[in-house]
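What follows is a pair of complexes built around chain A, which joins chain B in one and chain C in the other.
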Partner chain A sequence: MTQFDLFMNVVATGVLLGSVYAAVALGLAITFGILHIPNIAHPALVIMGGYFVVHANRFGVDPLIAALVGLVPFYLLGMLLYSFYANTFERRGRADVLQSLTLFFGLSLVIEIILVLAYGSELKSLTAPYIGSSLRFGPLTIPSRLLVPAILGPATVGALWLYFRYTNSGTAIRAVAHDERALSIAGLDPAAIKRQAFGLATATAVIGGAALAMIGPIDPFSGRFQIGRVFAIVVLAGMGSIPGTLVVAIGLGIAETLIASYLNPAWSPGVAFAMLLGALALRPQGLFGTVR
Partner chain B sequence: MITRRNFNRLAAAAASGLAMPAVLTGRAFGQDKPIRFGASISLTGALAGTKNGQIGYELWRDDVNAAGGLLGRPVELVLLDDQSTASNIPAIYSALVDVEKCDVLFGPYGASLTAPVMPFIKQRDLFMIGMFPLAGNDQAKHDKFFHSAAWGPNSGTDWARGFFDLAKSVGVKKLAILANDLEFSKNAAVGGAKVAEEYGMEIVFNQSYPPNTSDFSTILRNISAANPDAVFIGSYPADSTAIIHSVREIGVPDSVKLFGGAMIGPQYGSLLSSLGPELNGLVNCHLFSPEPTMQSAEIKSFFDRYVPRAEKEGVDPLGFYIPPFYYVAGQLAAAAITGAGSLDQAAMAQWLHANKVDTIVGPATFNEIGDWTTRRVLMVQIQNVEGNDLAQFREAGRQVIIDPPELKSGDLIHPYNKARAG
Partner chain C sequence: MTRGGWTFGLAMLVIVLAGFLAPHVLKNPFYFFAGYVILQYVVIATGWNILGGYAGYINFGAAGFFGAGAYASAFLFNAFGIPLWGSLIAACVIGAGLGLLMGYLTLRIQGVYFAIATLGLVIILETIIHNIPALGGARGMVVYGPPPPGWAAGPPQYMFVLMLLIAVASVSLARWMQLSWVGRGLRAVRASEDAAECSGVPTLRLKLLACAVSGAVLAAAGAPYPFYTSFVEPVTAFSLIIGLNAIAMPLIGGTRSWQGPVIGALLLATTQQIATITISSELNILFVGVVLIAFVALAPNGLIGLVRRKGTEARL
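Right, the complex of A and B next:
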């Protein structure tokens, strides 16, 4: 393999990994980026989504189909979670960052314990015809185990972008992020709109979970490894920029694989935060955010 | 109506009733007070996969009590969840000693959780059986600490020496080392590099990776570019799976004769069954394999009872790696207590240093810092795996023991690509 071939393979792997990171971070881009709710339980919800897909896979259901089926129950779960959050915190005026962090930290622990009780603490894997094979495009060798989940990220970003851009409810969600009070004056219920947005964010967790479970086995605590990376992506993208989340996630994936390949893999976790610090110093609003 | 006089009579009758068994057996009640064995166990958190060790403890307790207990007293376990968190360990062991009044201690699982308890047991001069802390007593050198796992002496360097002995025997000259940044894997890599150097092997690749790495295709390409004769890997279950997947997807050069070494994960039933034939050819560490050279009536009896309980409790249904050694911990402590004839911690340690103990995994003798005097870490090669049926891994011929020579049950197939092809 020539140096150029190696470079091309490294970049391709980075793009695929970044797309998977985007699928995992999208929900947080909505809850934290648009609704300003620091939902640190999102990675735990992603793992819960992964378990949903693994469970369906035991009955022979393809992970992609299982993820699509899972959108509905996870959407409803998200609405339920937001209702709880709104009733216990927002309406009582306690929805400050610290209180919210405590609530969602507790939620992530509860999710982990539920998964341990239901499935045990061992790693769970998926089976699918495309896991283990790879495709060759000239000098590129692309593992299907990465390619298939990587399609989920851009597909979900595209669907959400269209939704936010061209539907009334999507516009309302964007509006609630800008000025909640103005929305109330216009006769809309901000809580209902936020509930819908939280439902959407939680629905994307099952997509992210399916992507992670396709790449490798998961256990109830796998979400803990994702928290730092997904927050870095959302903040770096510019709090709520959905296409920005995809671009930043892919950029991060490429940076990580380049460093892993040409320097040392041990340095790659620092990449996200180094990029975050560097970018925020130049653009505090994030790469794709707007100054408000 | 219960008057004070009636109440006193009832209380006296109840007390007599409670005391009667002791009177009839001629033993004082105080002597029947259970001997309490205390341990922290990771029921939750990242190390919760090791909680099947609890079944090992419980089977040992049941066996001892069925045989009449120790020193004529029943045995009782006090197990507290450490949530896989090192910062919880000092408080847990203080509680086990000072609140729960445990007589004997078993350690927490692994090196990272054992490190915080070492100053405590050294300061209090307590007896402890350690649970899998590789080189866990090399720094403290506490004379009342003993390992249940047969890492052997100088374990920090030597525990995986079997891999390098095999590499040397097939003429490996160039070695690649890849390890997770976590403690066990990193220690394995450092020790491996020292042994490779001792054997005159050139290390052509030596890198570590962070624990959340999910794709190894980039790293494998770099390893392939270095063209090594063997690849020594220290990894944890999730990354072990990803590495095995990447080998299938990207491949390794034909020059690679041995691949594996210190990968945690392929010892567990869940990974064995999910990866199935992808594991063929892997040469990896283990502590027990159901090969004829390791079989005995005692270990068979252990697994006959372990498997139904593990299936019921949803933990590793094979249980080759951890549970037998939790049972062994009990056997070692029991032998020390019986040998010393008391619960005197110094006498127990002294007896265990001086005597051999027959355990369900073989005879154990200890050096001055509680290492097994003979390394019994196995290097097994996974062979002849077909499909993903877990039951096949309970049969001989699937996890073939290649090293140590005294337990060898089959021959190494190499190079790795030939062994992978089955």
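Right, the complex of A and C next:
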């Protein structure tokens, strides 16, 4: 394999990996980016979604179908979580950042331990016909276990973008981020809209979890490694920009694989945060954000 | 206030004396082993609260400072044979430097962004340590500390007394900061940074000061750690549970005053020590998670807030 072929393969892997990161980060782009709720439990919810898919897979259900089925219970779970959050904080007035962060921090611990108690702390993986084979495009070798989950990311991004742009409820969610007060004057209930958005965000966690579990085995604590990455993506994308999330996630995926292949795999976990710190210091509104 | 100061000083003196005398009464070294961890968390919670509680800047990266302190003392001892007292001072300087760096890097960001940036600090530090062969990389470093001095009954007792001194020093520092002009300024920053700046409070300098002091105290908590476990490696030195407890303990006790983190740390760390022995470490984490959620939902101002609720409501 020539130097250039290697480079192409590295970049291709980065693009695929980045598409998966997008699927994981999307939910946070909605909760944190649009609703401004610092939901650091999102990665834990993603892993919970992964476990849902793994559990269904044990009974021979295809991971993609399991993820589609899982959208419903996770949507309801998200609405429940938002109701709890709103009851705890919004009744009291404005939510304190420290308190809401702590609430979600506690929630992610609870999720992790419930998963440990239910499934044990060892790694769990999926089986499906398309996991294990690989496709060749000229000099590129693409493993299907990366290709299939990588399609989930852009597909979800596309669906959400259409939803936010062309449906009434999608427009309402964008409106609630823009001006909650005006919305309630117009006769809509902001809490109901936010609950719906939070449900939607939590539903995407199943897709992200399915994608992660397809790439490689997961354990209950896998979410911790994603916290930094997803926040870096959401902030860099400019808070709530859905297409921006995909672009930044792919960029991050390429940066991580380049560093892992040419420098040292041990450096790649720091990449997301180094990018994030740099961005926060230099361009706090994100790459795709607008100055408010 | 001076009378309060005398009472406080006397109480601290009594606590230190009790710590020195305790090994003559309690023979089981386990109590000192567990007591060390509890006191370590008193230091961590107190250090965190200087920035998180007084100034309202939430630092998720307490483990980063703790780990930096631990690695500083382990490296200085292994490479140059610098004794614990020397490396404790070095750890404080490094922690303060890291705090200043964090403060400078994050000057423009507040609230959630600051919290996330500090989370990044831990990951970056851990990644750096992983990649430096001189610091042992992922394998870690073995530290054979010197034998304890003659007056101590054994290594756990010696480490316990040392950590007690660090705890007393940091609680006194936190108390002084709270009651002095620094604390008043930081309270103004927390209430409204813009209003404080407009009223002539040097918000920038106060924030940097709080970052540095908080960092130094957190690093001091980590400095004796390699000598306590005879070993330091990246995963435990930068453990998430440290960052978690650093936030949970002040929150449970109450973040507005120096007593809050002390009460929270004593309660939570003792419970954790008991839970780890009697139940399991998983359920221990589950317990912390549930307690956190319960406190945020039901008693947002901590135990102290719960007790003082009537008074506060009257004042408001």
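As a working rule, the second predicted complex is superposed on the first by the 285 of 292 C-alpha atoms of A that agree within 3 Å, B and C clash if a C-alpha of one lies under 4 Å from a C-alpha of the other, contacts with A are read in each partner's own complex, and residues count from 1 in each chain.
The definition used in the following text is that a contact is a pair of C-beta atoms (placed from the backbone, for glycine too) under 8 Å apart; a residue touches a chain by one contact, two chains touch by 3 or more.
Bear in mind the structure is a predicted one, so any value in this text is a computation, not a measurement.
Student: Both complexes share chain A, so when I overlay them there, do chain B and chain C fit or clash?
Tutor: Overlaying the two structures gives a clash between chain B and chain C.
Student: May I ask you to decide whether A:V110 touches chain B, chain C, both, or neither, giving the answer as first, second, both or neither?
Tutor: second
Student: Touch check for A:L123: first (chain B), second (chain C), both, or neither?
Tutor: Only chain B is touched by A:L123; chain C is not.
Student: Using the touch definition from the top, say if A:V10 reaches chain B (first), chain C (second), both or neither.
Tutor: Touch partner of A:V10: chain B, not chain C.
Student: Where does A:I65 make contact in the superposed view: on chain B (first), on chain C (second), on both, or on neither?
Tutor: In the superposition, A:I65 touches no partner, neither chain B nor chain C.
Student: Which of the two partners, first being chain B and second being chain C, lies in contact with A:P265: first, second, both, or neither?
Tutor: first
Student: In the superposed arrangement, which partner chain does A:D96 touch: chain B (first), chain C (second), both, or neither?
Tutor: Once the two structures are laid over each other on A, A:D96 reaches chain C alone.
Student: Under the stated touch criterion, which partner chain does A:A159 make contact with: chain B (first), chain C (second), both, or neither?
Tutor: Neither partner.
Student: When the two structures are overlaid on chain A, which partner does A:R145 contact: first (chain B), second (chain C), both, or neither?
Tutor: In the superposed model, A:R145 contacts chain B only, not chain C.
Student: Between chain B (first) and chain C (second), which, if any, makes contact with A:S222: first, second, both or neither?
Tutor: A:S222 sits against chain B, while chain C stays out of touch.
Student: Which parts of chain A are in contact with chain B and also with chain C?
Tutor: Residues 112-113, 116, 121, 224, 264, 266, 269 of chain A touch both chain B and chain C.
Student: Any idea which chain A residues touch chain C in the complex?
Tutor: Checking each residue of chain A against chain C gives 32, 38, 84, 88, 92, 96-103, 105-110, 112-114, 116-117, 121, 224, 227-228, 231-232, 235, 264, 266-267, 269-270, 272-274, 276-277, 280-281, 284.
Student: Please name which positions on chain B make contact with chain A in the complex.
Tutor: Going through chain B, the ones touching chain A are 44-46, 48-49, 51, 181, 207-215, 217-219, 221-222, 224-225, 237-239, 241-242, 245-246, 248-250, 265, 268, 270-271, 274, 278, 314-316, 388.
Student: Which of the residues in chain C come into contact with chain A in the complex?
Tutor: 52, 56, 58, 60, 105-106, 108-109, 111-113, 115-117, 119-121, 123-124, 126-128, 130-131, 138, 240, 244, 247-248, 251, 255, 282-283, 285-286, 288-293, 296-297, 300
Student: Touching residues of chain A toward chain B in the complex: what are they?
Tutor: Residues 1, 6, 9-10, 13, 16-17, 20, 112-113, 116, 119-125, 127, 131-134, 141, 143-146, 212, 215-222, 224-226, 229, 257, 260-261, 264-266, 268-269 of chain A touch chain B in their complex.
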